[in-house]
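Below is one structure. I have some questions about it.
Every chain is named by a letter (A, B and C) in the order it is written, and numbering of its residues begins at 1.
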């Protein structure tokens, strides 16, 4: 009986992995197991498709989450899952790499898509060369392991009344790494990854004050502001929470509107899953036009105000 | 014959490119347009050990070869001709005469701080009435007790406003013609040394070029560089090596013109195609690339001769002649490839065109280069 | 005094990658190679710690023999010596193999207090070798670190990890492996003296076969193609009519309401 395991640091990602795991399990006639953090109700994941939930105990003060690696590894040696999907957060990536080493398993990092081949092996896609290429890999398992970035898969749907088992896991062994302090990130009021419409600014903007133009456009559309890397990292006109790209946020809005964004491959990697991509840039040869559904080659300082007016008219109607 | 650059030379080129991306390119336009002297860059050049490349470690230099120096000048000039030239003028014109003709005392006192980048150097030979005819200068130096007293004026002196020391050429014995000229070390701030107005130039606009006045400027007897009457020889030998430096600068400018033209040809679309698909543009690029390659090999070969201890005067002249004429010719073609946008300030090729011209003139005009080359063959 | 190992990889410069539009294959034939940008941060951090606490830095890489120019490049950035584990098959290793090979070489040939790795390689960016290597060596691992300090007397590292939910300050005893983020430092540009000095620094050449049989691959690549985006690429003129048409197109798409 194939076992498909999922582990993620938070509920949202666990539900996404459960969605993918359920698909795989159905095709392989297998069972799904999910890990639940200390204090998280295991029933929740059972409702969302897990046949088994492995419940961690509460993590003691001063212990890093990674101290559970030996516990997970022992469990995997005991139960031999066929597939193990792990949410690709910082901690998830470290845990996955260390588990893969302990289990002598192959690990596909940053899996952006997967399918089963005729033999029931997972063929997984991931990006290479800064987003310019797609590599397809197969893992020698078991388990076949992958880390999966957030929002790669659709979350599982709840099935109230589903049954499943809960297994409590032991406390982790002593770990040489101590956590001395944790400073939670100051969350901005908006999470750009949740936005349905994003207006993104790039180097085509002449000065910081011009971000206001993008804000006006975003307001008319009911969207949020994002930016390309130089705007956040070098110019610091916007916080790094809203920088979209291969090493920034990856978003899947219904509409992405890039103004003065050239469209380097590292940025496109962050927005490639948008439903509609619209670009405004005065350089007809800007790479973004290759990646866009709609484009206007023109000076954003003339086009955007007209666009704002036309949108206001159209949306009032 | 091994045409490959050593790993060290390749690493040097890589490090200069990284340096340019980080520090030089971002300010190149403002250096040209304000214009302003990139003083902060000069400080960083010193930290990279680039202000005394071919001079011995015991005098604060890097103890490397002339080819390394040429690569640094080439790459800096490719990003910003002002920066490349500031380094070249300092290294070739100010440091060389001190290295070749200075006493131990003089080397310790002046060459060492120059090589370490503690101060910049300058070279004052040209006068309003003495350009190519360098021996026609009227600046005089008279020995009065323990001091030389200098009187006269110099023009087009690069780095003068920021130099810590200037090598000044003056007539010590009018009756002896070229053998009556001597070289002197004049520290900045010496009473009687006045730096005049900055000259408003067509290109290399960030480089500081000024008139220099000597009005009863008194310097210690020990500040005579080389022997009395050796000045003309010192100037000519210095300029020989300087030619290789200018060839490197011109090479960098021409390479930049080629890079910009290739980039633009691939991106600019007219009649539904990138202009690089049209033969007219292809031929311009082919000519440009061929001449840049030729400039490169003439320049590197001249540097190689210098490093091998072989005669290099003719080779240096050929390199400067060809590289400078290539730079002016090809920056002109580069603007043509760009069309209208090439004429607009802020487009790199507009700056390159203006920067290129001086390479045919200073440190020996192209006419002088031809005289040197012909002289070497026909005498 | 600290014995520090900095791991680095010699990778293709992405700017040189060409796409064959017919087959969608990526062509790296004309590509130049360089030390992966993330690894420059690792080397720089190692050198910064060595300058502060004394000791030695060894730069280690697993690469095909043709990558030899990487050694002087790495040495010009500050390490005292380099270790070149090489074999033609090293061009095609997957992360678990690289980690095993590094573990064998490091444990058999070096004393170390600290191993520093970049957050991922510039080409494949699997982000596995650091933690996998730590696991092989049986030492603790601190990942995604953008601030690092060492108390040599107490033999402890204190590090700040930048994670999605905030900053986690951690501490671990030496020996330890640290995976650093690019914002931990700005790698210095090698000075001329550093470049010239690189040739004088020792390099240990290690043949892969001397480390035992090559570990089997656990991850197999079946294909690599250019990433494409099939988009409509419809353009509107920049005048008032064009903008109006664009707005209508967005309304039709149902993405604006």
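Note that in this section a contact is a pair of C-beta atoms (placed from the backbone, for glycine too) under 8 Å apart; a residue touches a chain by one contact, two chains touch by 3 or more.
Just so you know, these numbers come straight off a predicted model, no measurement behind them.
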item	value
Farthest chain (mean CA position) relative to chain C	B
Chain closest to the assembly centre - both centres taken as Cα means	C
Pair exhibiting more inter-chain C-beta contacts, B-C or A-B	B-C
Interchain centroid distance [CA atoms averaged], chain A/chain C, Å	22
Where chain B and chain C are represented by their mean Cα positions, the distance between them in whole Å	40
Chain centre separation in whole Å, for chain B relative to chain A (CA means)	54
Chain C: positions in contact with at least two other chains	none
Residues of chain A that touch chain C when the two form their complex	9, 64, 66, 89-91, 93-94, 96-98, 100-102, 104-110, 123, 127-140, 175-185, 197, 221, 254-255, 265, 268-269, 272, 275-278, 289-299, 302-303, 306-307, 310-311, 314-315
Chain B partner contacts - residues on chain C that touch it in the complex	34, 69, 72-73, 76, 189-193, 195-196, 198-199
Residue ranges of chain C touching chain A (in the complex, touch as defined)	12, 14, 17, 19, 26, 94-96, 99, 122-132, 134-136, 140-144, 158, 161-173, 176, 179, 216-227, 229, 231-238, 240, 242-244, 246-251, 253, 255-257
Footprint of chain B on chain A - complex, ascending	284-285
Complex contacts: residues of chain B adjacent to chain A	267-269
